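Labels for the chains are A, B, C, D, E, F, G and H, by order of writing; each one numbers its residues from 1.
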Amino acid sequence: SDFARIDHHRQLRTGFPEVIWGQDKTTEQILTLFRAYAARNQAAIATRIEPDRIPRLQAQLPELTYDSIARIAALQPQLPQPQPGRLAVVSAGTSDLPVAEEAAVVAELWGFRVDRIRDVGVAGLHRLLAERSRLDQADVLIVVAGMEGALPSVIAGLVACPIIAVPTSVGYGASFQGLAALLSMLNSCAPGMGVVNIDNGFGAAQLAGRILRRLHRLGRSDDQ
Amino acid sequence: SDFARIDHHRQLRTGFPEVIWGQDKTTEQILTLFRAYAARNQAAIATRIEPDRIPRLQAQLPELTYDSIARIAALQPQLPQPQPGRLAVVSAGTSDLPVAEEAAVVAELWGFRVDRIRDVGVAGLHRLLAERSRLDQADVLIVVAGMEGALPSVIAGLVACPIIAVPTSVGYGASFQGLAALLSMLNSCAPGMGVVNIDNGFGAAQLAGRILRRLHRLGRSDDQ
Amino acid sequence: SDFARIDHHRQLRTGFPEVIWGQDKTTEQILTLFRAYAARNQAAIATRIEPDRIPRLQAQLPELTYDSIARIAALQPQLPQPQPGRLAVVSAGTSDLPVAEEAAVVAELWGFRVDRIRDVGVAGLHRLLAERSRLDQADVLIVVAGMEGALPSVIAGLVACPIIAVPTSVGYGASFQGLAALLSMLNSCAPGMGVVNIDNGFGAAQLAGRILRRLHRLGRSDDQ
Amino acid sequence: SDFARIDHHRQLRTGFPEVIWGQDKTTEQILTLFRAYAARNQAAIATRIEPDRIPRLQAQLPELTYDSIARIAALQPQLPQPQPGRLAVVSAGTSDLPVAEEAAVVAELWGFRVDRIRDVGVAGLHRLLAERSRLDQADVLIVVAGMEGALPSVIAGLVACPIIAVPTSVGYGASFQGLAALLSMLNSCAPGMGVVNIDNGFGAAQLAGRILRRLHRLGRSDDQ
Amino acid sequence: SDFARIDHHRQLRTGFPEVIWGQDKTTEQILTLFRAYAARNQAAIATRIEPDRIPRLQAQLPELTYDSIARIAALQPQLPQPQPGRLAVVSAGTSDLPVAEEAAVVAELWGFRVDRIRDVGVAGLHRLLAERSRLDQADVLIVVAGMEGALPSVIAGLVACPIIAVPTSVGYGASFQGLAALLSMLNSCAPGMGVVNIDNGFGAAQLAGRILRRLHRLGRSDDQ
Amino acid sequence: SDFARIDHHRQLRTGFPEVIWGQDKTTEQILTLFRAYAARNQAAIATRIEPDRIPRLQAQLPELTYDSIARIAALQPQLPQPQPGRLAVVSAGTSDLPVAEEAAVVAELWGFRVDRIRDVGVAGLHRLLAERSRLDQADVLIVVAGMEGALPSVIAGLVACPIIAVPTSVGYGASFQGLAALLSMLNSCAPGMGVVNIDNGFGAAQLAGRILRRLHRLGRSDDQ
Amino acid sequence: SDFARIDHHRQLRTGFPEVIWGQDKTTEQILTLFRAYAARNQAAIATRIEPDRIPRLQAQLPELTYDSIARIAALQPQLPQPQPGRLAVVSAGTSDLPVAEEAAVVAELWGFRVDRIRDVGVAGLHRLLAERSRLDQADVLIVVAGMEGALPSVIAGLVACPIIAVPTSVGYGASFQGLAALLSMLNSCAPGMGVVNIDNGFGAAQLAGRILRRLHRLGRSDDQ
Amino acid sequence: SDFARIDHHRQLRTGFPEVIWGQDKTTEQILTLFRAYAARNQAAIATRIEPDRIPRLQAQLPELTYDSIARIAALQPQLPQPQPGRLAVVSAGTSDLPVAEEAAVVAELWGFRVDRIRDVGVAGLHRLLAERSRLDQADVLIVVAGMEGALPSVIAGLVACPIIAVPTSVGYGASFQGLAALLSMLNSCAPGMGVVNIDNGFGAAQLAGRILRRLHRLGRSDDQ
């Protein structure tokens, strides 16, 4: 194809393959890219695929799977290799689910185990405190919240593992499409978190994946 | 004076006298205003008075008192009448104290009892939870926080009384001089709070005072 | 349901039950939540419900009521207990009505009496001044305004009760979807008001409700 | 001088001479420009001149006058010709005086009569309403306000003459150096005003002057 | 109607009647307001009326006129009284016409004569310079421009009359829906202009009308 | 001390002790806090301490060390326990050094080994590519850059380990005190990075520390 | 036509004819403008023409050509004269193609040769480095990128020719419709580039064209 | 030095040597960098050097020259080689001179001839039109303007050569430190310009230099 040059070495360099960003591409372009991966017998993931595109895509690629909450389409010729570590995806409210699922589904497609802890926003703190043991067991936490985005700050003061904070565009008025949550997370009084773009579940999954894989390598080499 | 017309009826209309905003006035102007109140034997409060102005002001008005943390100067010919209700001023970190004290000192100068709960930021949640009974006893809470400004959201989910949220300019970088904390409070997932301007301890005190006085009146008349 | 954990203790902690935020939820999710409340014989309120969802919702829940201006759907197994105090909802222009009604309808569903004072924007000051006695009778004022958002400032200088200022997204151009009104209210030269998020009628109702309930309690206990 | 080419025809084209913007110029450059006007026996005005520059300027130009509130330095070889019409400069608070005086002093240096109405901010509406006859007599009103900037909106609904609204940088926090007042004025629900830049007293004076001169010309020619 | 209180005295106070802001109102509300004016035999103007509402409005009010470029609907029981002075509406590009026409049509409905000078943007300066005599004849200029909004600055340096600058939302990218043009006009290096809100043709017309009427009055009284 | 309640359990919960934020505290307050830690024989770190405070602090606490580039003061009763893993701190330009050193010095005070890779901004790509083996050896990379903030994006496409991106306030004009670099990093086309606040070297160090410690634990437990 | 005055001398002054901005014009207006050019036998280009307008336009102007990626419609009575120099249009990702093609197609319609280098974003640096000889051969580079907009910075450090940086609105969340990429390019640590508006392929083409034509003239005259 | 790695090959790659950014460096660091260049007998330029640093720098490097308007310090072991083409630097007002001189002095230090056209802001258009022949003779124009930044738009419609637009931070209020001028230039209705960062005279000089050198090369090779 003349519109794209797939970065087939990215997996070698960074450990994770290039993922197709669906939002600004035509369905024709997405099909061409899926086929290019299929031709090499490689798995391929596309994010930000609206449901109305699926019939057309699946007509051409019957083996394509689709998760309608995460809006992710994928081709997986074989099951992913199981990956080390425990990732938990924590979300503040029901409305944050699509972003939380983008993170969780991508991580699972890459072979990571994911624990989902949902609807534990800070307005009802007991819901979060009731899940402390699941929080403590995780090696990495992805914490997803919109509106005032306070959840990662509260969690960062409770646990020892690294936290990936994902602001969402959930909210209205002075949330300015997620800006309030983003600023909140960047200014957390509790250190220990890295922030990704608003609604960027995918980026959170990759950062979590890099940490978990590295942990594994480090642990082993340290023991030698 | 030709530069100001003091609103002597404000107390009658709103229950609280006009307060002198010190920041953009010359020391000469501030003196003139204090004298105008003194001439009527009225108490007068000036906020945002930097310490280096005090010697000059006290040379002219020896009875002027000054609180250097709250940066408030006041003339009080007699003690204020005790006011009803319980106000607590909660602050997230040491750096938020000047704003918290602006609220507390103004409220005390007007006759309200103030309970101060300090350094209970969300990075160490147990510090806040250890103070739940003091929080529950208050009729109004003023909650002061900078950085990510999450404290009022957490408290609003724990208590039943009205909350006045005060964002502070404490922070740096993407706090944008208090904007992050302000947006956080406006977008709180826990309802029940009203927000005032960044660093506006004075405004919080007046809103608290209006609530407490009204509560009093309402309670009594309801009982009749 | 696995997508939400309803905070059934919120009423105990804060005095008000959790309310369903409709905007980012699927109709299926909203139905599930209504049923969860109905199963416990509890009242349930959902805000930000567009009219086109109502037929589907009422087909499943025939007893569901809907206010099309406030965009509020509710299930009320029994009438709410009457609440103390006088709340007035003041709005600047006709276009601000949906937000003003979100506040008024929520307050009424919770049992508060509401006085509505409409279309008294500052461009025709006599309209406001003609209503001074209704303003003076209120224990709490919710003041709703878009565009330049000056109405709460003017009212705060006239009355003694606490004011909850609600900026609306009404306007165009440099109103930036309500930012102008929001900033105006935060910077009011007349103190005594707390500001909620742009278009946040619901949050204003809850803050008003907290004040009115507290007033009641305070008044009584003071008299003892 | 090689750093500036004075626009000596501006008076012919626009009715008002070029005025020296002092803020970003060296004292040496300001002196050179005053001398260039003096050499042609023309009046010259410089704005934004801090007081500490005056001794050096007056040492060279002893006839230079200086208004320390308006921060304006001027050379006037002869008195200005009296100009038609009635201009009133209205200001909301004491802190707005420097900007109001920049407008008033420039207008007077050009020969206009100026009525000053001060400290009539909307927090005490009776102060403004007490001055309605002075407001009604004016042909043009310059209205200067910081903080929430509501004053021009209120006045525009009361009077029939054109209003020039001047936001000031007075305020703090979410005033964002005058942005709140600026947006407020641009979004006024009361039409009939034109807005100038934050703190731009000079621009307001020139717009007022253009209106008053034109009124004069128009009135006369219409009568013929 | 219970949703609006028409300000019937506004004409007496300000010289111009209240105008109906159509954008956020239901068609039913707009009809009700038109009928309220018609019942008093008064002219009524509604702005921001999209064409698809017209059939329904005209079915009820057959005498309603509509200008589809200006998006203005009006009821005029009799011709307006001719007004004094010369108003010119200058626009930078074809895309700015709807805003320019909003100004021009409102002014004409109120009885003012309007000269339209179109497509004279600064990219082809000769087009503007070719119209200097029409510019010089005007008593007030309304200058409408989007994109970089430079046109009012260039004109303000060429003419002596007051200028009303109207930024439009025409543009894309870093125009931020008219913000670039707005800031440009507020920061003009050529003084003598007042700025109204982005796309606010109506506000420009009213300011122009206030100036022209006042000029008239002033001219006459000066001659006595 | 009544102004602060030190969170002595934070180390237990999160693995790292509370650190003193120096910027908004008085020297007296900082001394009190250092003494509180010293009284328990605990190490204590204070960030954002300007050099002019050091003489006064060291007069009271002679064993206090100070790093003048990182602006960090510390009391360390004993050497920190060596920590696992390899952390590299990469910086784009000389002007970014203070932030990079805040990260590096904090990490070293906590016992981590730090490799510093300096002045490898993208304007001279060969400088970065020449250091690829040091980049590949790291388990976590902290990448510090101001201006356009492109360095983390370029590195994230080259390596497999997690990246912590730190925007700095280095730049001018449209860098808006680090906003440009911050947005750049949040929008990176290369995934695998988490972003911290502008100039937040401390937060980056803690996130890196959490990752490295967890890696260690995970690796070991996996091997069992 | 009375809605536009075509600037037929622009070609004489600037070397390039006026181009029709299609976005805010009616199809009728666009037709009228094409016909005005056709009547003079001149080529005419219209940008930002959505595909759904083409049937109606081609029904009237059968010879109209349309490029659906660049969204450009054109009438060319004869082939353009070949222009000097080598222009390369480099784009970061597939989603940036519409903007890159706006630049490339406009340049080709004016007679320039264009080399297209696609999908060479910085996440896979080898793709860019593999094209260094094509980059080095260009006399001007147009570099198009969205998201973090790092590509022009990286290229500016590699080549010697002038670079025109075009930020695109591709991205989401904190890209703020291209603002992140725009700021990135304005703050590039590698000098040698000029930035145009977000998505402004057309402006980039004209700047490139001006440079290439001038180079030609300069080269020749220097040799004499 | 361990704090910087000078990019000595930048001249080979881009045609221009690295320049020292002085603003955020210590005087000691600047000295070290100058000496590193001097040790290789290369010319070195440092920008953003405040005058108070010069005595210390010249005490160590007596041959250092300094331009106090441009704030540029330089070491030039030999005269630069004369460069091809004609560069004109046009500035709008006296206050823009430091930025204009940063561009002009850097260009001259690199061997380019510079024509300076000053104080030709759009408020007095005749001043600009009087210089049209100098404008037409230039091969590249650097146009420097603050406030509303309209000058490059006006010039771009008059001439055929490429234009480099430099917004300056000159202004106040809603200029937001140069943002207004920057947006103005990015949204110019007259195409043909590239914009650099606010106050970035240096970047403009380098872009101009790249164009002029390329022109030269192109011209020659075309003639062969």
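Here is the rule we use: a residue touches a chain if its C-beta (ideal position, glycine included) is under 8 Å from a C-beta of that chain, and two chains touch if they have at least 3 such contacts.
Note that the coordinates shown come from a computational prediction; the quantities given were computed from them, not determined experimentally.
Residue contact pairs shared with D-E exceed half only for one pair among B-F, A-F or A-G, and that pair is A-F. Looking at B-D and E-H side by side, the one with more C-beta contacts is E-H. Copies chain C and chain D of the same chain sequence form an interface built mainly from equivalent positions, shared numbers / all numbers used being over half. Here the spacing of chain A and chain B, counted between their Cα centres, is 43 Å.
One simple way to say how far apart two chains are is to compare their mean CA positions; for chain A and chain C this gives 36 Å. With each centre defined as the average position of its C-alpha atoms, the distance from chain A to chain D rounds to 57 Å.
In whole angstrom, the spacing between the mean C-alpha positions of chain B and chain C is 26.
Multi-chain contact residues, meaning those touching two or more other chains, occur in chain D at positions 10, 93, 123-124, 156-158, 173-175, 179, 182, 186-188, 197-198.
All chain pairs in contact, by the document's touch criterion: A-B, A-C, A-F, A-G, B-C, B-D, B-F, C-D, C-E, D-E, D-H, E-G, E-H, F-G, F-H, G-H.
Across the interface of their complex, chain C is touched by residues 10, 13-16, 19, 84-85, 139-140, 156-165, 182, 186-188, 190-198, 202-203, 206-207, 210-223 of chain B. On the chain E side of its complex with chain H, the touching residues are 92-93, 121-125, 147-150, 153-154, 156-158, 171, 173-176, 179-181, 183-190. For chain A in complex with chain C, the residues that touch the partner chain are 93-95, 97, 118-120, 123-124, 126-127, 170, 172-175.
Chain E meets chain C in the complex at residues 2-5, 7, 9-10, 18, 21, 23-25, 29, 167, 169, 177-179, 182, 197-200.
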